[in-house]
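As written, the chain order gives the labels A, B, C and D, with residue 1 at the start of each chain.
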Amino acid sequence: MAGIPAANTFPRLLRANAEHVGSLPAYREKEFGIWQTWTWSEVSEEVRFLALGLRSLGLERGDRFAIIGDNRPSLYWSFTAGQAIGAIPVPCYQDSVADEIAYVCEHAGVRVAVVEDQEQVDKLIEVRDRLPELQAIVYTDPRGLERYDEVEGLVGVEAVVEIGRGLHGRDPEDYEREVARGRPTDIAAILYTSGTTGRPKGVLLTHTNLIEPARRAVKFDNLTQRDEVLAYLPMAWVGDFVFSIAQCHIAGFCVNCPESPETVLTDLREIGPTYFFAPPRIFENMLTSLMVRMENAALLKRRLFAFFLDVARRVGCDILDGKRVHPLQRLLYAVGNLLIYAPLRDVLGLGRIRVAYTAGEAIGPDVFRFFRSLGINLKQLYGQTEASVYVTIQADAEARADTVGSRFPGVEVRIQDQEVQFRGDGVFQGYYRDEAATAKTMTEDGFVRTGDAGYFDEAGHLRIVDRAKDVGALTDGTLFAPKFIENKLKFHAWIREAVAFGHERDMVCCMINIDLEAVGDWAERRGIAYSGYTDLARQEEVYELVRGAIGDVNADLAEDPALRGSQIRRFLILHKELDADDGELTRTRKVRRTVIGQNYGELVEALYAGRDSCRVAAEVTFEDGRRGTVEADVRIWDVDAAAPMAAAA
Amino acid sequence: MDELYFFLEVLIGGLLSGTMYSLVALGFVLIYKASGIFNFAQGTMVLFAALTFVGVLELGAPALLAAVITLAVMVVLAFAVERLVFRHMVNQPQVILFMATIGLAYFLEGLGQTVWGTEVHVLDLGIPDRGLWLGPILVSQFDLVAAAVVAGLVGALGVFFRTTTMGRALRGVADDHQAALSIGIPLHHVWVAVWSVAGFVALVAGLVWGSKLGVQFSISLVALKAIPVMIIGGFTSIPGAIVGGLIVGASEKLAEVYLGPFVGGGLENWFPYMLAMLVLMVRPEGIFGEKIIERV
Amino acid sequence: MKREIGGGPPVAELENIHLSFGGLQALQDVSVAVKPRERLAIIGPNGAGKSSLFNIISGIYTPSSGTIRHKGGARPARMKPYEVARLGIARTFQNIALFSGMTALDNIMTGRNSLMRRGVLGEALQLPWARRQEIEHRRRAEEIIDFLEIPSVRRTPVGELPYGMQKRVELGRALAAEPELLLLDEPMAGMNLEEKEDMCRFVLDVNEIHGTTLILVEHDMGVVMDISDRVAVFDYGRKIADAPPDDVRRDQAVIDAYLGTAHEH
Amino acid sequence: MFYRETGQYKTTYAADRAIFPIRQDRVAFAVLLLVAFVAIPLLANEYWLRSVLTPVLVFSLAAIGLNILTGYTGQLSLGTAAFMAVGAFAAYNLEVRVPEVPFLVSFVVAGLAAAGVGILFGLPSLRIKGFYLAVATLAAQFFIEWLFTHVGWFTNYSTSGVITAPPMTLLGFSFESAESRYLLTLCIVVVMAVMAKNMVRSELGRAWMAVRDMDIAAEAIGINLMKTKLTAFAVSSFYCGVAGALWAYVYLGTVEPQAFDVLRSFEILFMVIIGGLGSILGSFLGAAFIVLLPIFIANASGIFGDALSAETIAHLEFVIFGGLIIVFLVVEPRGLARLWQIVKEKLRLWPFPY
């Protein structure tokens, strides 16, 4: 592709951009009320001086240095600056507590830390005795640090740049010599993954690892210098590295840093990125707050809104996918676009989006379709730090809620024992100082184990069903993916939590927590009286409601040859809400299947024994901390298995 | 000697006609004291009351009945003004309230003339309008009667303020709103009452003026001169309104007679305002007003 | 960072000041001086004359007798408040006195008005100097907004802001004038703990980073004792003590007049 | 609804403080100018140009003048018409006595003369405020009206007391047609409105508003009250003076001092109140509203046939004006401009209600 320089390390990419598109904006930051802008030439200049300055602080080729803070241009530049002199950036999550930061910095043996502000400096000072190798702390925001003059090695980034400027003045070729010494196979960054268990592991990625897949992604979505992104996700996360550094350097587009984490939504609206990434949670929150805001609109406007949302629901996605749509519907959609969709996209700050991605977790199909039906090209991808993000990706017309797309160009993906494995030039070099973990993750033939269970559907799209270790099988050998089923259940508004059982059983049964707010609202509108959660949960009408939802999920499962056998056959609605205080949920609200299986052993037994009710007493922690017992009869209902549509027709 | 007599004649004439300004200013002062509102519409209320009175009279009602009906209309007006306008403007700055009274003035002027027409109505209350020789000095009998009416009205108001509950409440509210409330009369009622009293004063002024000048549009403009009267006398003082009226009446007459011929006459139109402006520059609170201290 | 108090004549020095309204003696024979970079707190019961003192320093009141000196030189007996402001003295008010119809940004920009050039035609035609001036001063105002952590309310009319925010904007407006001496009239009044902490931090930063001399009237004893170098205690228009916080705490006259009695705030 | 603000971020303070920071507003304004400068002269008939649009523009200018004083600086004035009269008579006297002066220069002189008188009558504002000040301005109103009526020099000893504006020619072009006069007025008004907008969004405007909102704090922050108030009087009167000259030259042609009586002052005050205190846009809206309302009433009363006499209609106008003033002050003291602002906010947030 013309205009995209084929340099093979980040400092070289930067130099190429400064030469080819030097006057175009590279980074912006909302500061002092306006979007301060730096062109590629200016960035190149800053990075050059910063690199030499960092070296003067004792940072040498092969040394690690930490980067901690919110998304700030100068922190982004410190990545490239460090790389230019052969040092390896180690970004840390800015919201980590001091101990977590200490672990990463200690493990990586960082010599220098480039941090944003007083908050981060304080954390480092707190754990400094654990970091004997840490020689210097460079801060970018001097606010509040005036009183720290006794802290050893603490220096402002401006002073470092000044030193670098001086060094450059004495030897203008110095920086270029450093850049020339860098090789594409050098480690470009160590990204620590937070892993579900144990301490974070440092993923070693080379320039090639990061640049080549990113380059293909740029081509895949035709990203150009005119694109804009908003950098608001943690800098320690591989996604931000790939979007805000790798692709930005390759495509030459502009990265915009918000004023502060609190103003992200305002800044999103101002900037209006054309290329956007957000985890499902953000889209879900956006949808919820949007609906809440519309509740307060005047009746006429609400009607109009509901009418056109309905139009969008029917034809919006098809229009976006370029499918055939009746001209009248198309016209109606165009009117809706003028009156509702376009203003809505605009107010949300999504008005200029060409390509948006979500990943990380399963996104609710309703949420996914909602944004697509508004004309926002939202797609899914599947990736890992170990892959430099890309494993699979959805092309523009292939966006679906329940798959994560087809193989990313240049990546081999295979399913081995239900586990997704991949290989390609993005594959990492190993975990830093952790041979054992590296050996466990890498197969002998160079594939990486993702730990996710999944399969390719007929269209060649990957579906992720669960963590591989959680996937089980029914007694007849049918694949049983509890989290997959639970997620599908939870996408229904009525259902707040769900726990599915089935491993080494003859069928799938589940326990449900209804959403008290949604179901309560529903019940009130129907004049159903109830005194609280327990009372509501036992109402026949509510069971009927939940059975309907489960029926939908079953119908969905029936469509899938691999999962057809794991439809839900029996369910009950729990008499109490699962609670993290009782150890039934993790603090991040993930169900602890084993704990629940033990706590509600009687109920599980009743489910599988075919009984139609079960008396239970459960210990609960009340809000005031007292503990007590709740006793109730819990009904158990059957559900019919659905047949696949094709078979039924 | 003639010079002196002439001077005294002009002076007394001015003073007596000044009492009529006092009459209008009295209405201003009442409302200002009770509500802090500078009622620009007071002059129009004079016109409106006179128009209503004449209108009812022309429909064939006897004078007393006409007066009662007019008074009732003024009370209704007071009620409406409080209920529809000022109750909704409680926290507005004074200048905004002032502008609202300008709107009120327009409204009343238009309303009065729409209902009763624009032609000049003659109002004859039987007040003799002949010259009266007090020694060598010629005095207008009419003006004497008017002055007497003013004196009577001031006296009546004095009695009202001293002896009736409402009167005491009105005095109280001028000093301290809380104090007035403690008497047990709601502020709204006090406002309505004071606007009604001001309406009554306007009616009296309208009758006197109407029978002198004829009931016509220009009354409201002449009544505007009550504003400099108040400025000179002080916003919050009834004696101030009287004295201010006398000063304005006398000075404008003297100016007209002694300076007018040199500058082409018509000094009366602006002289009181200029005088008021000068007073403002020297003593912003007026002769009898309380000193304005701004606390920081 | 070491803060040097003193060095050079007092930024403001009042000598034998008397002030009376009608027959009421608001201040009697008050002498007080504040050294460069010093933090002087003024405490005392309501009506003790604290605000009167501020009004005298800022030129709103003229003392009946006494001398006011600015950096060693005597000020003219009558000085207009705006002339005082241009000496580098800025203040906030006990009851927030913001320009309620204007945004937070415009309020702070107005604080810089005395540093700006006035030219009616130039501003009307937006001649280059007028445009440049607006932009330069906007930048400085934005630094204050950043410093006070109020960027999210930049465009909000101040009348719509919550009380604590208004206090912050008012401080911002005073800071915008780049004063050498800052008079803060009950900066923490009516604030919750968190707001007070923020305000204290701002006030200390201003003093330590920019070397701005502070005089503050404050009722919160904790705040006063924490942040001031010296405390002057007023009672019935007289100064009854003037010493470092710890000494004032032990002063019997002060305890009798003020600290000892239950003071409701 | 029509706003697409996403992506309209500001990278410089210059862009951020633009009069129209939003692109859609810039486009709308450009269209409006196009309509005013091209479409209206082509399409409107003589009656509309001469008797409606031209006076609307002239009144807008006077309303901007009053708004600067009352809306921005908080100094109430009831003497606007008097300052207009000063402008009209100053221009006339200059032209009559020094005929070679181009009329545009005499317009400037008209403004300057009014500014001078404005400063004179603004002096009391240093000691008094609010309606006290209104009295001072009333003094100006009555005194100036009297002056031009009774001192023959000002009317060049015209027996009728009426002055006739000399013809306006510029580089050989004579402004006689309704179109040319409309366009001339439009040019002057647009330029002066932009200048006013520039003043109120600069140091000067902030000083004015500071005086309006809290004069003690303004002074404590270093604003010279005297200078600022007198500047407001001067600038305000300048605008009124030019408007007065336009009124005499472009609209009426012949003027007597009574054309600038106290009722005219009230009329302009009403424009400012209804249009919106403290808003340049409001000055235009208010002027248009007050000029168009009687036309509307007259047309509307046509439905009743001849049941309403012209006189009654005139009185009804008073009732309606007075009522509207009260309604606006009670319901929306910031007038039509504020209503427009609310509508605009709604449109910017559409489809959200807040």
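As a working rule, contacts are C-beta pairs under 8 Å (C-beta built on N, C-alpha and C of every residue); 3 or more make two chains touch, one makes a residue touch a chain.
These numbers come from a predicted model, not from an experiment.
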| item | value |
| --- | --- |
| If a chain touches chain A and chain C alike, it appears here | D |
| Centroid comparison with chain D (C-alpha atoms), farthest chain | A |
| Contact-richer chain pair [B-D vs A-D] | B-D |
| Where chain B and chain D are represented by their mean Cα positions, the distance between them in whole Å | 33 |
| Mean-CA-position distance for chain C and chain B (Å) | 48 |
| Geometric centre distance via CA averages, chain B-chain A, whole Å | 78 |
| Where chain A and chain D are represented by their mean Cα positions, the distance between them in whole Å | 58 |
| Where chain B touches two or more other chains at once, by residue number | 296 |
| Interface hub residues of chain A, defined as touching at least two other chains | 33-34 |
| Where chain C touches two or more other chains at once, by residue number | 60, 93, 97, 138-139 |
| Residues of chain A that touch chain D when the two form their complex | 28, 33-37, 228, 256, 269-272, 290, 293-294, 296-298, 301, 304-305, 339-340, 342-347, 349-352 |
| Parts of chain C lying in touch with chain D, wherever the complex brings them together | 58-60, 80-82, 84-86, 90-91, 93, 97-102, 106, 109-111, 113-114, 116-118, 120, 123-126, 130-131, 133-135, 138-139, 173-174, 177 |
| Complex contacts: residues of chain C adjacent to chain A | 1, 105, 138-139, 142-143, 145-147, 151-152, 154, 201, 205, 208-209 |
| Contacting residues of chain D [partner chain B, same complex] | 74, 76, 123-124, 127-128, 130-132, 134-136, 138-139, 141-143, 145-146, 149-152, 216, 262, 266, 269-270, 273, 311-312, 315-326, 329-330, 333 |
| Touching residues (chain side chain B, partner chain D) in the complex | 38, 40, 84-85, 88-89, 92, 94-96, 98-100, 102-111, 113-114, 118, 221, 224, 227-228, 231, 263-267, 269-270, 273-274, 276-277, 280-281, 284, 294, 296 |
